[in-house]
Amino acid sequence: MALTRFSVSLDSDLVGRFDARIKADGCPTRSKALGDLVRESLVRREWREGDEVAGAIVMVYDHHKSDILRRLTAVQHDCHEVIISTQHIHLDHNNCLEILAVRGEAAIIQGIVQRIKAVKGLKHITLAAGTTGREIA
Amino acid sequence: MALTRFSVSLDSDLVGRFDARIKADGCPTRSKALGDLVRESLVRREWREGDEVAGAIVMVYDHHKSDILRRLTAVQHDCHEVIISTQHIHLDHNNCLEILAVRGEAAIIQGIVQRIKAVKGLKHITLAAGTTGREIA
Amino acid sequence: MALTRFSVSLDSDLVGRFDARIKADGCPTRSKALGDLVRESLVRREWREGDEVAGAIVMVYDHHKSDILRRLTAVQHDCHEVIISTQHIHLDHNNCLEILAVRGEAAIIQGIVQRIKAVKGLKHITLAAGTTGREIA
Amino acid sequence: MALTRFSVSLDSDLVGRFDARIKADGCPTRSKALGDLVRESLVRREWREGDEVAGAIVMVYDHHKSDILRRLTAVQHDCHEVIISTQHIHLDHNNCLEILAVRGEAAIIQGIVQRIKAVKGLKHITLAAGTTGREIA
């Protein structure tokens, strides 16, 4: 991995405030902290611009609800090119936490979330919008 | 599961617009769509008020980066009461997508995200803020 | 204004939890609370789909910074069809809070935010994404 | 204003991607773009930690709705220490866009939003979370 070294000029007060925050967060260096902000801004842009992205779809449902397992499985098979694997946790007697690892175009992943959302009996669905890391060094 | 049936009075134009949206989204009934909005508002509140919640922490990193595997494992072991299980995907030769299924107090889970964020070599981290479903019928 | 009255069936526990939240928030009725959730979901959609929207662009800057007043004025005049009026508050000797009331297509308003963001000397800019109210009864 | 000049080491690919984004956004220099990311992260933190902040509360309502003007005025007078000034736009025959410039503790401002939200007849309310600029150089 090649590093580029460059200099930055920022207001001295701003640098002081940023250093205090970095220290409070246990972040080792200014370069690490600035790099994190840059990477986050690039990942937000990947999702906005519809690039290939990766992440997780997280659902909670009561497996007793009529037909929900069959319906969720049907949607997932329709979208198998994008769903890499599934993690299932029995939260209690009734509730399941199911996490789909996904990778594909941002719009396709958001479309899967919409389709699953329409399934009757689902309690909650949310998306962790991550990255494939390929363009994020 | 007991159902409560009650009536709602809303502006007729608003109901018309909402019905159009529901139909476009493939949502089967008004009750399902209103229930989804209610559940989402309650889950947001669980996170704001620090209740017990569930969800997923999603990380992307290059496993070649010096020492990152040891550091990530160390944080995860410190927090093993909250991390239920881990799903690991080899995105390509360099990049790993790692998804931690989590359950615990909202503030503890957000603290883990902060700790992992400080690990050098991590490319991206994001949180899917879900629910245990226990209070969300 | 015509009202439509319809009935909704939701899980009894969910209704109980929602009622508790409504009461805590000082919201007068279930119809008001459900209507608010419906309206919020429709306004989010207006922004996503690029409809005509309204809102406010909120900037903070130090008016001593060289040339910033001229630059901000130039951008605003370029976009005068969308900027309805401006509110300016002298926060202290250095800092100005400037609030632009805006109305127009969602993408145009977001483009103005991007253009202003590039102006040197600006400290912060953020957008309140509201509605014209025409489609939100 | 004193400037601090320091150097940063980031992965060369990351710098290349960031430079492309900066150019596309019309941002003049890397220092400006990095400074913007730092300032945004500090303002998010001001809101999270309950510091003194500034911003705008943006409401839309139909002024014909019974009693809404009296109710909104009552809340605003209760909170007059925090509301600096108000901008009112007649969007059409029915709809008003009202923008409150606010300054005070983050929790107090969020509490005002909750109180206004409970007013019957309000169509939409949203908050632009800005800064006083005092700690953001």
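The first chain written gets the first letter, and so on, giving A, B, C and D; residue counts start at 1 in each chain.
FYI, a residue touches a chain if its C-beta (ideal position, glycine included) is under 8 Å from a C-beta of that chain, and two chains touch if they have at least 3 such contacts.
None of these values were measured; they are calculated from a predicted model.
Trainee: By the touch rule set out at the top, what is the minimum number of steps from chain A to chain C?
Mentor: Minimum step count, chain A to chain C: 2.
Trainee: With chain centres defined as C-alpha means, what is the inter-centre distance between chain C and chain D in Å?
Mentor: Between these chains, centre-to-centre, one finds 9 Å.
Trainee: With centres defined as the mean C-alpha position, give me the chain A-chain D separation in Å.
Mentor: Computed from C-alpha means, the inter-chain centre distance equals 26 Å.
Trainee: For chain D, write out the residues touching at least two other chains, lowest number first.
Mentor: Each of 39, 136-137 in chain D touches at least two other chains.
Trainee: If each chain is a node and each touching pair an edge, is that a line, ring, star, complete or other?
Mentor: ring
Trainee: Dump the list of chain pairs that touch, please.
Mentor: The list of touching pairs comes to A-B, A-D, B-C, C-D.
Trainee: How about chain C: which of its residues touch chain D in the complex?
Mentor: On the chain C side, the touching residues are 25-28, 32, 36, 39-40, 43, 54-62, 84-85, 87, 89, 91-92, 94-95, 97, 99, 101, 103, 114-115, 117-118, 120, 123-124, 126-134, 136-137.
Trainee: In the complex of these two chains, what residues of chain A are touching chain D?
Mentor: 1-15, 17-18, 21, 30-31, 34-35, 37-39, 41-42, 45, 135-137
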